[in-house]
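Two complexes, one shared chain (chain A), two partners (chain B, chain C).
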Partner chain A sequence: MQLNTQFMWETFLDVLQGIPVTLKIVVVTLLVSSPLGFLMAVSKSGEGRIGRRIIVAYVSVIRGTPVVLQILFLYSLLPTVLNYLIKEVLGSSYNIFNLDPIFYAYVVFILNTTAVLSEVFRSALSTVNRGQMEAALSIGMSRPQAYVRIIMPQALVAALPNICNTTVNLLKSTSLAFMMTVKDITAIAKIDASFGYNYLEAYLVIFVVYIFLCSAVQGVFHLTEQGVAVYKKPVVS
Partner chain B sequence: MRPFHPQFILEVLPQLVLYLPVTAAIVVGTVFFGSLFGILLAAGRIRRGRAGRILANLYIYVIRCVPSIVLLFLVYYGLPELLNTFGVNINDAGKGFFVITTFSLLFAASMAEVFRSAYEAVDKGQREAAVSVGMTEFQAFYRIILPQCIRVAIPNFTNALVNLMKEGSLAYTIGLIDIMGKGQLIIGQNHGSYSLEVYLALFVLYWVLTILIEKGAGLSEQRLAPDRNRRGGLSKCS
Partner chain C sequence: MLKVKEVQKAFGDNQVLRGVDIEVAKGDIVVILGPSGSGKTTFLRCLNFLERADGGTMDFDGIHTELKSASKAVVSRVRKKTAFVFQNYNLFQNKTALQNVTEGLIVARKVPKAEALARAKAALDKVGLSDRYDYYPSQLSGGQQQRVGIARAIAVDPDVLLFDEPTSALDPELIGEVLAVMKKLAKEGATMIIVTHEMTFAQEVASKVIFMDGGVIVEQGSAKQIFTTPKEERTIQFLRRVLKDFDYVI
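And now, the complex of A and B:
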């Protein structure tokens, strides 16, 4: 077995251009999904029965089906539906098929990650003693104030390891974005490999790139965990 | 707007169900080989030896970071060449071989964690007590430790199993015909139409499978709960 090292180096340089795309999907997804997931977690423990049923069903379907399937389904559904809406309903002449496919990637991964995060936040919220909320309300805070100042800082400590896990899984699932013709790391490697059937070399390269990216994500979360857990440290007098 | 034929979902479901055994075979094969390898990894982490622990930790770390599809392609394109250098020819091996190899490698890492946390959840005193009443080391493990481990391990194992089943759908990308692969074939036979209907049918199948696995796990957890028997015993004593 011999590896084409020249090709591997060139692929590595090409793949570097895909890293921003991959990270963009991860960051945008997390930024949109976190507040949505949090709202879901809060309303799941709330009173509305119909709302709760819908959320439970949504989370169950998303978590019970493969991401590939969600990607394939939405990628064959969304463009035509959007095209119909824009052409027929809005009467605009905008051509939806010129839209950067990364938007479809955002939609799929946001739908997916929101469901996962809502579970993460729900379990994190349940670790905070109920008395904390009552105490905050009793001294005259409003409910949003109580959440932002009292509940969330405590829940975040319990949630961070799981959020880290979710982010790592999200990073890994973005490797499927090539199915929506997004030019991320995996897509670039596949394209490079297909010229000379150097699949083995190309996948070895992105194997290493993903390990590096994943380590970076875990490093960032490790630092954040130390920052967030500040109130757990003993006070030095 | 593209046409949508809901009745095609019902038409296509029986055709997909025929390929459930393939999906199940992949899962069962992976659980078997992955668990064997997972036990080795867990032993490497629990045992004293430093080299074993470092190797096991490194393996689990790397596997956790790699997307399944990348590993699947690496195994599919790389393993035949790697084994060829040792004079072993597996170019005729079926697609299922590569799929089970890949997912066993992945599944072993999560199983190692499941085994380790289950083993550590059981109090050390249990083994000591068992040995002190005259059981052998093996009896103590088999009769006392193992039943407790299994109950602790069930929720994590279920999670890993559901993930495995979902990731297994990637097998179609190297041409294995399981329910996902059959779905793609049907779409191909119809020149790309009916894709929404087929995907919806697949959604239903995977969702039902997940729910069945979770329900089954919940039931077996209940059966293994110690409280059921103990409560009766205690009331007799008092």
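And now, the complex of A and C:
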């Protein structure tokens, strides 16, 4: 057996064009999911009983089903529903089937990551002891002020390792976006491979690409952790 | 200046406070003694609305309110007139010693930044931490952390300082430095309500001693009165037990 190195190099160059797509899904998902997940974590630890039940149900549905199934399900359901809404309810002539499939990828991964992050933030919030909230109230700060200035910054630092995990998992999950015809790294490799049945070579190439990307993400988080956790460092005297 | 009446508080079926009255004049040092579970900490927390009492009224420097139904505005006014020192310090872990003190001034009381800094530094100097402004709580000893806690409380210039067992979480050798700071404040005329188990300290500084048990005030009077001629059987028992603690030799 011999590897077609020429093909591997060409595939690598092709795949590079998929990296922005993959990263776009990751970044958009994180930007939307982080605040949503945080709000859910806060309201889960708050008083609203109905809200809490809805959140618990949502999280267990998402966590209790495979991502692949979520993709298959939503990718079958969403276009049909949206088409009906646009045509019948809004009376518009917009063709939903022309929509860039990356939007479906956003929806699936946002739904997923929000659920995961809400749990990440919930556990992070619980690491900040209640006494600090009381101390803030006792010197006259309001609850929101205490949250923003005292509790949140510490919770975020505590959450960083888990956010890193979530991000890496998300990045890897985006390889499933090819099922929704999104041209990400994996999709490009598969397409290239299918012309001459060079699947092994194509997969080897993106193997390396994913390792590189995931390592980069972990590196970034590692540096951030060191930067923000100054208050945890012992004093050097 | 501060007068609360008939404070009631229950946690579920557990009636912790069964009608506690207290009157504090300016400059008073009130020490609350009592066995664990007697309700002293809960009572102190009710004064600052960290715990919402089920009943009772408060008259505080022109504010008159029911404790149970006090509005947000009233709670906020009372909190701005009081300051709380916690058993576990409860310092803001993500802020330096100096920021711990300025936080309440700048954010809650809208004091201009320069003035807040000056006041915070003065407060830290007073508790003997002029060389620890930029240290984070995790870099300070327990005694130093509690002194930052005290600085945070006095910086806001409260009418009444509330101390909840301020030395209970400290190593024996660090207790002294915290008590010394508190004595200094007492001498300067601060009004304080202190829950503590430090009997010697109580005898020395208290202008009024309250003995609580089972959610009620069993006996109150001057330090001398309570420590030398207690009237109630329960007080005598308690004092005999806690004062005996200091008898043994290691």
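Rule of thumb we're sticking to: the second predicted complex is superposed on the first by the 233 of 237 C-alpha atoms of A that agree within 3 Å, B and C clash if a C-alpha of one lies under 4 Å from a C-alpha of the other, contacts with A are read in each partner's own complex, and residues count from 1 in each chain.
Note that a residue touches a chain if its C-beta (ideal position, glycine included) is under 8 Å from a C-beta of that chain, and two chains touch if they have at least 3 such contacts.
Bear in mind that the values here come from a model prediction, so they are computed numbers and not experimental data.
Student: Putting chain B and chain C on the same copy of chain A, do they fit or clash?
Tutor: They fit: once the shared chain is superposed, the two partners occupy separate space.
Student: Which holds for A:A124: it touches chain B only (first), chain C only (second), both, or neither?
Tutor: A:A124: touches no partner chain.
Student: Under the stated touch criterion, which partner chain does A:T186 make contact with: chain B (first), chain C (second), both, or neither?
Tutor: In the superposed model, A:T186 contacts chain B only, not chain C.
Student: Tell me which partner A:I102 touches in the superposition: chain B (first), chain C (second), both or neither.
Tutor: Neither partner.
Student: Could you figure out whether chain B or chain C reaches more residues of chain A?
Tutor: When the residues of chain A touched by each partner are counted, B comes out ahead.
Student: Quick check on the superposed pair: does A:I139 touch chain B, chain C, both, or neither? Answer first, second, both or neither.
Tutor: Touch status of A:I139: second partner only.
Student: After lining up the shared chain so the two structures overlap, which partner does A:L160 touch, if you call chain B first and chain C second: first, second, both or neither?
Tutor: It touches nothing on chain B or chain C.
Student: Which holds for A:V15: it touches chain B only (first), chain C only (second), both, or neither?
Tutor: Neither partner.
Student: Once both structures are overlaid on their shared chain, how near does any Cα of chain B get to a Cα of chain C? Whole angstrom is fine.
Tutor: Chain B and chain C, overlaid via chain A, are at closest 23 Å apart by C-alpha.
Student: Please report the chain A residues shared by its interface with chain B and its interface with chain C.
Tutor: none
Student: Across the complex, what residues on chain A touch chain B?
Tutor: Chain A residues touching chain B: 1, 60-61, 63-69, 72-73, 76-77, 80-81, 84, 88, 168, 172-173, 175-176, 186, 199-200, 203-204, 206-207, 210-211, 213-215.
Student: Considering only the defined contacts, which chain B positions touch chain A in the complex?
Tutor: Within the complex, chain B touches chain A at residues 1-2, 62, 64-71, 73-74, 77-78, 81-82, 84-85, 162, 166-167, 169-170, 180, 195-196, 199-200, 202-203, 206-207, 209-211.
Student: For chain C, which residues count as touching chain A in their complex?
Tutor: Residues in contact with chain A: 48, 50, 76, 79-80, 82-84, 86, 88, 90-96, 103-104, 107-109, 135-139, 149, 152-153, 156.
Student: Tell me, which parts of chain A touch chain C in their complex?
Tutor: 128-129, 131-132, 134-142, 145, 149-150, 153-154, 157, 230-235
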